[in-house]
Amino acid sequence: MTPEASHTPLVRMSGVNKHFGSFQALSDINVDIPKGQVCIVVGPSGSGKSTLCRTINRLETIDDDGGYIEIDGARLPEEGKALAALRADVGMVFQSFNLFAHKSVVENVTLGPTKVRKISKKQAEQEAMEYLERVGVGEQARKLPAQLSGGQQQRVAIARALAMKPKVLLFDEPTSALDPEMVQEVLDVMVDLAAGGMTMVVVTHEMGFARKAGDRLLFMSDGAVIEDTTPEKFFTGPETSRAKDFLSKILTE
Amino acid sequence: MTPEASHTPLVRMSGVNKHFGSFQALSDINVDIPKGQVCIVVGPSGSGKSTLCRTINRLETIDDDGGYIEIDGARLPEEGKALAALRADVGMVFQSFNLFAHKSVVENVTLGPTKVRKISKKQAEQEAMEYLERVGVGEQARKLPAQLSGGQQQRVAIARALAMKPKVLLFDEPTSALDPEMVQEVLDVMVDLAAGGMTMVVVTHEMGFARKAGDRLLFMSDGAVIEDTTPEKFFTGPETSRAKDFLSKILTE
Amino acid sequence: TEDTAEDDAAGGGGGGGSVTVGIKYDQPGLGFREGNNPPTGFDVDVAKAVLAEMGYQEDQIEWVESPTPQRENMLENGQVDMIFATYSITDERDERVDFAGPYFMAGQDILVRTDENDIKGPEDLNGRNLCSVTGSTPAQNVRDMYADEVELVEQDGYSECLTFLQSGQVDAVTTDDIILAGLAASDEYAGEFKVVGSPFTEEPYGVGLPEGDVETCEQVNEAIQKLQDDGTIDELLAANTEGVDYEANAELNDNIELVTCGE
Amino acid sequence: MEDILFLFEQYPIWEGFWANLKLAFFSAIFAFTLGVILALFRISPVRSMSWLSGAFINLVRNIPLTVLVVMGVLIFWGQLQINMHPDFDTNFFMLATIALSIYHAPFFAEAIRSGVNTVPLGQAEAARSIGLGFFAAARLIIIPQALRGAITPIGNTLIALIKNTTVAAAASVMEASGIMRTMIEFNPNLMVAIFLIIAIGFSLIVIPVGLLTTWLSERLAVTR
Amino acid sequence: MSTQYVLFDAPGPRSRRIITILNILVALIVIGVLVWVYQALAAQGQMSPHLWWNAINTNAWVNYLLPGLTFTLQAAAIAVVSSVVFGLFFGFLRLAPVRILRWISMVIVEFFRAVPVLVLMVFLHFFFSQYLSNVIDPRNSAYYAVIVALTLYNGAVIAELVRAGVRSLPAGQREAALAVGMTTTKSLRYVEVPQALVAMLPSLVSQFVIILKDSALGYIIGFSELLRYSRHLGAGYGNIMQALVVAAIIFIIINSLLVQLAQMLSRRLSSRTSGVTEVGIPGIAPIAGDTVEDEATETRAQAIIQQDKRK
């Protein structure tokens, strides 16, 4: 079912399991994501979407039972500097933005490059401004996160992730904490990124976005990926009854 | 424009104004809602939808400038027993459910009937179970609210309101705090109620619901009702430019 | 106590040759001090005279407040070198510190409101309210020896006792006659109180010294002897009780026997 | 070890702690009662009442307890001649109790108020919207939840109160800290042991209260 | 009526009448009580102007109030600085990855929070003058006893504030820092600790109020601070009541200013941290019990450190 990639996938999850205590949050995940692919993840609440997303940069560990995750052909390091270095290559955008509350917008964006990539402050700031302009919040650069709207904060969060020049970007429900009028401005930025060839894993229920920008769609249920298809096919003809059930709940209008 | 009602309207708002300090949250509201009507209220954030809804059972007072509100032909009492009695006749469902956190589900539903309507505990419980069954959470009766999902909590809140056998039900964005999959289960209950002839005022952005169950739609902007029409007409051909603007932001998919 | 911190700041007390003397700060006529002003009173003057005999200049003396309940401690801890603070020589105290002197013989007496006529001596205090200072002998004396039904309130200083006496919360204040005289004479209370005038104990005022400091003790005794012989002490007493209706107990004071140091 | 037994024989250590406990018990009752009244005034819609309570709370909270106790003896008793008991020991015990009660009442009031503040406005609105009147809403919905939210701050205040009973020493009440002082004065060689006896004594009183508070507040916590 | 009361509904006309009546009643009672107090004092001769004047004239300030206030403020200020140092040190120790360190600091912190400050002060006073008389001038032992006792107690409280400050940050802050490639140390250093400190500031300021108030305990061990000096003032001029009232007012004014500063900081800073800047109930330290059990349930943040370290 999986669309085959001709060379090493950028992200490979192979036989990944994850337990919280006795509860199994991920079961036998096998997913290869080639470079440039935009992979949408959908599924009911509690199905393991966030967990899947977070294991990719090891904010959650995985079970030590032979399953593994590779980024760009290299095993995910388990700790220390190597892990930090890997995380620098994997950007993440959270549902609740998680901007650093004590730093201005531009400092939020430069903090990673200067402290992790050791780029000069000046250059980091110049680049940060470019990213901020690109996501449309250049004018807010000197403000504190608390002074921005949710939509603006999330776009700053995207700029912060981009500033690390990541190989892949993870989005965990980036628009679900936003007021309806602000959803679109964030999705627009994401569509641009997708069009620009960024490899992305996006947990979202925004079907418009999924159809417009998604190359592939994973449907999760009870910790397993039970459909691995394209957004178009999924929304028009889901194969499993759980997916049908799920869609009937979501698509009410 | 308002669909004329032949007899006394169940809810009449006439020349209602409301200030918060110097800020005018409602300006000159004139709305009659006949028995059985399902009246949808939409509008941008801050336009006064919640305020309108809350003035109807006097959770907000209105300005003392000649404007008035009548329920079933009687002026809204200003305080004391009379106000409490009136509120018992006007059910309200909140965005954040507001179930009594220290009481079980069934106690939440029986509290009003036993303490306000003075119905025997036994009968109240029996009725409560019927309402809980009707909204599909009969099995959760002995749990505490915090143990339920949002959708279940909101359905309990509806059962709690119904148990008072109200003349009119007010809903203030009843689904906007819910996860997408749970929205439908709540809307389904509301559609049922509407079909059963309940008079309802519903602040919501769920267009599917508005179209399916709404008899009438009020579009608010800056505290005033600037369109008073039907859902169908509103979504297909809004008259004012503000409504068009609003719709273009909401309807992105 | 920390008054010394301020003394240091004020530059009081010269280098190696300074001596720290504990006195009362709140007993007008005996030991009294306001802020950084020089202290005044009979004890202070005697201390100066004694120390002068021992070869100390006035600017070599550091004054420290030594409230009644803390006197033994201050000597034991080395907070002061000597104490001139209406310090009666008793056996109990002698176990913890050493005394030189006495330089004056006081007697315990009772202070009452001017219009009080029922209290003529300690026996009359049964069922009445009496005020004295925490840790001082007089109060216990009265209770143990004369009036076991007296209600006793102890305060940190006599000034509180006077306010209580003035407001009627206590009927009598007891301590040494000379202290009472000084208090009764102060401007604030002029005419309100009287000393009953029948001292019922002997209170030999000694100079408190750290246990075992025989050398200083002997020096102090020598100085006191000289000051008594040449009448200086009488002069100082007269100067400090000027205008007060007070006569020292002549019989006792005329031939004071000094303690033997090092016993 | 013998020395320590000697201390227990020679000095009224138990009586001292007992005095602290008695002070704490009575002060806690009075302070809590006054605190409830202050809290009700504070959250009432009557401006003058809430202002009055606020003024009292802010004044008293900013005065050191020692000053209050000393004022109690020197002003309340000494100057204003308010006698509560002809027996001086009892009288000063009562004075200390009053000072402790006045001092801690604002803290109890704030604890209760913060408990009320843990109840979301929505709970009150929901209660009103099903037709419950003021008293019914307060009794059935708000107070039960507010009390649970107030357990922790009330426990904190109670612990502070227990420790603060030592300040009664300034009103010549013979309690543990005063006895400790006498003991050290006469047995300076046992100073550390004496301190540990008193310190551990207080820990044994205070820590269980803390644990009980935590246990209660967790058990009764309202999960939202 | 834009203020919302949890307990009270928006008032109608009858309630408004009742409120007005109550307002008048309260005003009358307050005036009555004030008049009564005034007359009771006047009857005692306590209202005579010279008694009050003697408590606030130049002599009173120069010789009594200012010297006393200086000592009070000096002791409090030193205690504030040293307790912050103590608190930061033990606070971070309580977050340390080594279990034994966490334990040691927990025992120390809990001990000093459970012992009454006065008991500590009395002990230290004797201890310093007995055993440390060659280090500390015995004449100043009460002064140092006050400072050290305040430091130990308030330092323990601040240690709890530090720990609570880091704990109260949402886990997302650390996760975001890790996600841009910071190590756990860098995340602590650049993201968590700065925010925890900002969040703590208002509580620190209100801790200053506690320290200032507790410095008056020094009165009992003979430290000449404001209270003792004003007692001397009262003793010298027969106006004990007036002198104590003036001392109380000085305390009230200084502490109110500090409380206002704390509240202002808490408003200003709340947008600069994702921690909680609430001051809580100024004047009461959090209880002992609630930390003992925390030891078992490690913080989410700690769990992540551990996670990264393990394996």
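Read from first to last, the chains carry the letters A, B, C, D and E; within each, the first residue is number 1.
What we mean here is this: a contact is a pair of C-beta atoms (placed from the backbone, for glycine too) under 8 Å apart; a residue touches a chain by one contact, two chains touch by 3 or more.
It should be emphasised that the depicted structure is a prediction, and the values quoted were computed from it without experimental measurement.
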Required minimum of steps from subunit C to subunit D, each step between chains that touch: 1
Touching subunit A and also subunit C, the following chains: E
Chain at maximum distance from subunit B, centres defined as averaged CA atoms: C
Geometric centre: closest chain by C-alpha means: E
Chains most often in contact, by C-beta pairs: D-E
Mean-CA-position distance for subunit C and subunit B (Å): 84
Inter-chain centre distance, subunit B versus subunit E - centres from mean C-alpha coordinates, in Å: 48
Centroid spacing, where centroids are CA-atom means, of subunit A and subunit D in whole angstrom: 53
Centroid spacing, where centroids are CA-atom means, of subunit D and subunit E in whole angstrom: 17
Numbers and ranges of subunit B residues touching at least 2 other chains: 80
Subunit C residues counted as touching two or more neighbouring chains: 73, 160, 163, 167
Subunit D: positions in contact with at least two other chains: 74, 78-79, 81, 123, 128, 185, 188
Pairs of chains found to touch, sorted by chain label: A-B, A-E, B-D, B-E, C-D, C-E, D-E
Residues on subunit C engaged by subunit E in the complex (per definition of touch): 1-6, 20, 25-26, 28, 32, 34-37, 64-65, 67, 70, 73-74, 77-80, 156-157, 159-160, 162-163, 166-167, 186, 188-189
Complex interface listing, subunit D residues touching subunit B: 120, 122-123, 125-133, 136, 140-141, 144-145, 148, 222-224
Residue ranges of subunit A in contact with subunit B within the complex: 44-45, 179-181, 183-184, 187, 205-208, 246, 248-250, 252-253
Residues of subunit B touching subunit E in the complex: 20-21, 58, 60-61, 77-80, 83
Contact set on subunit A toward subunit E in their complex: 57, 59, 61, 64, 78-81, 83-92, 94, 96, 98-102, 111-112, 115-117, 144, 146-147, 157, 160-161, 164
